[in-house]
Amino acid sequence: MTEFLQLLISGLMEGGLYALLAASIVLVYKSTQVASLAHGQILAFGAIFLYIFLATLHLPLVIALILAFAATALMGLLIERTTLRPLIGQPLFSSFLVTFAVFMLFDGIFQLIVKGGTLTIPHFLPAGTLHAGALMVPAGQLCSFIAALILFGILGLMFRYTKVGLGLRASAENHQLARSTGISVKQIFSIIWVISALVACVAGIATANVTDIYYTLPQMGIKGLIVALFGGLESIPGALIGGIILGILENLSAGYLDPVVGGGLKEVAAYIMLLLILLIKPYGLFGLVRIERI
Amino acid sequence: MRPCGIFDERYTQDMAILRTKQHWALLVGALILLYLFPLFGSYYLVSFLNNLFITIIVVLGLQIVSGYCGQISFGQPAFMAVGGYASAILTLKAGVSFWLALPLSGLIAGVFGIIGGAPSLRIKGFYLAIATIAIHFVTMWLILHLKITGATQGLNPMPPEIFGFPLDTDERMYYLIATVMLIMTFGARNLVRSKVGRAFVAIRDNDLAAEVMGMNLYHYKLLAFFISCFFAGIAGSLYGHLIMVVHPEQYTLTHALWYVGMIIIGGMGSIPGTFFGVIFVRVLDELVLFASPFLSEAFPWLGASPAAALGLSAFGLVLIVFLVFEPRGLAHRWEIFKASYRLYPFAY
Amino acid sequence: MLNLKNIEVIYSDVILVLKGVSLQVPEEQIIALLGANGAGKTTTLKAISGLLHTELGEVTDGSIEFQGDRIDRLDPERIVKCGIVQVMEGRPLFEHLTVEENLMVGAYSRNDKPAVRNDLERVYRYFPKLQVLRARTSGYLSGGERQMLVMGRAMMAKPKIMLLDEPSMGLSPLLVKEIFKLIKQINEQEKVSILLVEQNARIALDLSEYGYVMENGRIVLDGPSLKLLENEDIREFYLGLSDKGKRKSYREVKHYRRRKRWLA
Amino acid sequence: MKRKGWVLLFGVMMLALASGPASVYAAEKTAAFLDLTDMTGAIAGLAGQASRITKATFDYFNERGGIDGVKIKYIGVDTRYDVARALSAYKRYRRTPRLLLANTIGTGLGKAIYPLILRDKIINYTPGDGEFQARLGRTFIYSTPYQDGFSAALDWMKEDWQKKGNSGAPIVGFTSWDNPYGREPFRGGKEYAAKIGVKLLDPELFPVGSLKHDVWLNRLAAKGANYIYVCGVDPTPTNVIRDAYALGLTKKIQFVTDYWGPDRAVGVKAHAEALEGSVVVSCFSRGTDTLNHPIMTKIWKKYMKTPVNEMRGSASIGFSWAMHFIEGLRIALKDVGYEKLNGEAMYQAFMKLKGHNVTQGATGICDYSPSSRRMSRYVKFYRIQGAELVPITDWRLAPDAVSLHKF
């Protein structure tokens, strides 16, 4: 039982990280219909920026955080302006491929910075492990998890109650109609990329706090897409729940199935589950069922 | 317009339907050039072409399922692996001749493709695309964990023999690969103008409407997957016998992304586009690969690995610029070129 | 106030849709734009509201002026800010948003919060039914309610000109009457000019002061509505009446049209 | 204009492709070393610096007039851990004049390139897959085979266990990447464990990109492991031990990693606290040994333009690549002269390296011989203490576990 609970908790913590990344991808997909591979890099660079400001330039934590957020937001904005905006109205898979190209572009820079090593962000989250009976929760991870939940709350509130949120929701539904009511869809795209980059930045910092920045960090991006799909590409609550479910599933399968089949099942189990879920619910757990008319 | 063999070779594709004597002359000329190429082309260029042709076969398959039938698939390397392993197991463990194993491995990959394509009956668009990523990982995991595939060690298929004459060098394999590539190209080209091809296009453009018009969606979607994986299987088999090894590390998701990239760069739903895309990416990739030793020679202070990293960035950058200015692929420009000059009035 | 001078519209660099259309919308008037399907009425509206860009269309010649400023190069959101709002054909809604949210989206281009509140109340006065349904997800509304909602949404932008694209489409005659009564009210009380695209020529001409008739991307006839109502051709083609006020048989109409075209 | 641009671009691309190798290699007396390495992919952490120091070492000797007048051409290609790319690169450079050796990283790549190596009669250089030792060929392993290293670690564990006052043999867990490399130590290592009576638990294999490793560690701990052997290229082992530290396992369990384990400038720098006390078995000098190596530090200072303190353990690897090549070249030149210098001569020369201290202590005594493809049979144990790797043993002869396994 303890083992099960421990796996559950580990899964929950990992799932929180997945959920954040997935949310940033969902944000972009929801409003622009582009599934982005570039978010793996945005996530990694969020962490890199914080590393630069905190560890290299030795700025105070708060300033470093603000600067890192600003830099990541700028990065998101730049990606949107230079690569995705010119592709509005072009085939969607061209946009998808362009995000892959962006991934490669930044991957080169990322490798230049990391140089095949590890960068450790000075720990600013509480260290140590909380014990509850036989169960263990690393405090830093718990903090990130709570931060993720709060962020999801903020996103939800923003979407529900602010004017920008209203514009985002409206343009997510119908670009042309949104434009006819005076919403600048281009501006909305920029805003959404900034928000999405910020979420990815938080995810990056939280992930790097657990795993450090090392050279495979950007490859989280694909995992993020999988999780986003799991919850439904258009649903932000779906990203949260999908992320958590996937985190738990991965850990449970590693915990209980690995010894049976001889290892390495953690990732594959997630993919098998994804296939099963998609067969039952083709638009993910919470995705919008698109009503098709001929 | 004919600076080298590769460029010419693509012409033959455009001439699948020949109208005039000049076309025949061009086709024959191109074929001769193609088949005589190893006599004057350097070893490296020949092996480069081998690689290119095999990629063309894979991407042609992808073009059919994605470009024509609209089901984006990232599963191509996995099905290549299935074909490669099938061929290796058939020739090594069952003693089947390569010449039988080659089509068989295509068929086996095709059957796996039907299984892999099954989700397409319910899933569409990005959901399907990413579901095929899942299929890729599951397949590779199976290969790594099964006994018959040699698990982590892979298998070593032998080079094919023809009347006791082994095709054991790149130059010798070149003829086989080029021939298979031509056959597959003509097959693909004719397929897409047949009833089946039109059904694919109808499904791509609006599958619901296609279904309402009385098409059996399941039948055609699975057929598309079968055909595409057949291509992948054939390519996998050829590749395995060319490099004489099949190993789990050969088939990566990055390749899958590249294959999709190639059809987008070349142009979705265009057989010549497949050629453009494959050639563009392969040549660019080769250039970047070799730019890094140059870079580190030219700028010693840069060191080898930063130069490599910059190469990666440069590749990304070229790709971005290309997509931003040519988002509909090279085939689009090719069409404009053809239309504006009316030099090659093919029925298309 | 709004002045289209000889505009030409080309879709995706190939298809010439409007071939020199000129029309004026004076202040506080209702102008009717009539024409058969495919005549170019909707394209004209989209050219005005700037929505053409999203459909690979382009105004290639002529100019559109609003209160003396050229607007044919502006983005649709800028044009909305100028005071021109299009109510698109088919009453499209943000279906996952509630009724009130839909209305608030209409006011997206405005920054004067208290006035927006006031306008919301005003819209509810015009369409009391919307107030009842304010928290309802708009995807579940009926046709008439939808029409009210799209018009209310347009009003929320505080427009100077409303471009209405076939408000009567698919509504029962009773509802059509009610909708047009509201259009008249809005025109008079809110001092909003209206450019009305309609298939239902009778009701449109009854309501409007001036009318234009389009065919094949050209304006073929224009004049005060009362005059148009008496025009022989209009009576023939759009009202389906012969000189003597009797219905003509469909076969004869077709025959007649084949023989005599305005500008063919 | 746009169309012409494309045609032009294409032409330039093809031209560059066709004319590449010719322009780089001048007509000096040269011998070529082809380095197909992964600088931006999965094991960039290991390979990047190693390749740079290889080149620097060649530069160092070239500046001193080369090896008996022969300069060494270093050709480094980034393969991104992609078999097809690497193959293509090899095919491009295989006709380089006097190409003697191709250095490849990655099991799949090694296998794919081997038929070509045989045909070209040159040497293939690859990390420690024991199969190459079991089936002697042209592939030389530039380390001790993984299974030998693992077995040496098992020996050490048993010793350490008894030194701590316990009787019998310890229970040993094994955790690694779920890929060909990750399973390698088990082939032969398992047999050796049985031979010396160490109880080896089922291996725990995890996906290469795992964020956390709690599940596998917890299971090994639950099964009562006293020692855990961690494989994976740094920072993976560091991350595993970091997770173990967070779980409080490092207090109870002694962690031992293989050659690619925590590097002083990577994992150790990042997580000194968590790694404290962990042991690394290595066939290369690491930590303080690397920093104190006279020639390496000299080369580093001259060519790398960064503080010596940034020198990683993998520098020893790159250095040993270069030194073995140089020694082999020296013997080959003595045997056949420059005119007849080819891959075969180098192959013969490599097999005469046995017993030489080629790398001046950066690795153990060389073991290449007609019956051995191991670079060295010696390994050294290091303990991580105060953010540095400190040697705890001298070079020790590793057991021959490769011969125990049936390949």
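Each chain gets a letter, A, B, C and D, in the order it is written, and its residues are counted from 1.
Everything that follows uses one rule, which is that a residue touches a chain if its C-beta (ideal position, glycine included) is under 8 Å from a C-beta of that chain, and two chains touch if they have at least 3 such contacts.
Values in this document were obtained by computation on a predicted structure and should not be read as measured data.
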{"item": "Between A-D and A-C, the pair with more C-beta contacts", "value": "A-D"}
{"item": "CA centroid of chain B to CA centroid of chain C, Å", "value": "52"}
{"item": "For chain A paired with chain C, centre-to-centre distance based on mean C-alpha positions, whole Å", "value": "44"}
{"item": "For chain C paired with chain D, centre-to-centre distance based on mean C-alpha positions, whole Å", "value": "74"}
{"item": "Chain centre separation (chain A, chain D; CA means) in Å", "value": "35"}
{"item": "Of all residues in chain D, the ones touching two or more other chains", "value": "39-40, 44, 47-49, 178"}
{"item": "Multi-chain contact residues (two or more partners), chain A", "value": "107-108, 111, 115-116, 262, 264, 267"}
{"item": "Residues of chain C engaged with two or more neighbouring chains", "value": "none"}
{"item": "Pairs of chains found to touch, sorted by chain label", "value": "A-B, A-C, A-D, B-D"}
{"item": "Complex contacts: residues of chain D adjacent to chain B", "value": "2-3, 6-7, 10-11, 13-14, 16-18, 20-21, 24, 35, 37, 39-40, 44, 47-49, 51-52, 55, 75-78, 80-85, 87-89, 91-92, 94-95, 106-109, 111-112, 114-115, 119, 131, 178-180, 183-184, 305"}
{"item": "Complex contact set, residues of chain A against chain D", "value": "3, 6-7, 10, 13-14, 17, 107-108, 111, 115-120, 129, 136, 138, 207, 210-212, 214-216, 219-220, 223, 251, 254-255, 258-259, 262-264, 266-267"}
{"item": "For the chain A and chain C complex, residues of the former touching the latter", "value": "89, 163, 166-167, 169-170, 173-187, 288"}
{"item": "Residues of chain D touching chain A in the complex", "value": "39-40, 42, 44-49, 178, 202-212, 214-216, 218-219, 222, 234-235, 238-239, 246-248, 263, 265-267, 269-271, 312"}
{"item": "Contacting residues of chain B [partner chain A, same complex]", "value": "72, 119, 122-124, 126-127, 129-131, 133-135, 137-138, 141, 144-145, 206, 208-209, 212, 253, 257, 260-261, 264-265, 268, 305-306, 308-317, 319-320, 323-324, 327-328"}
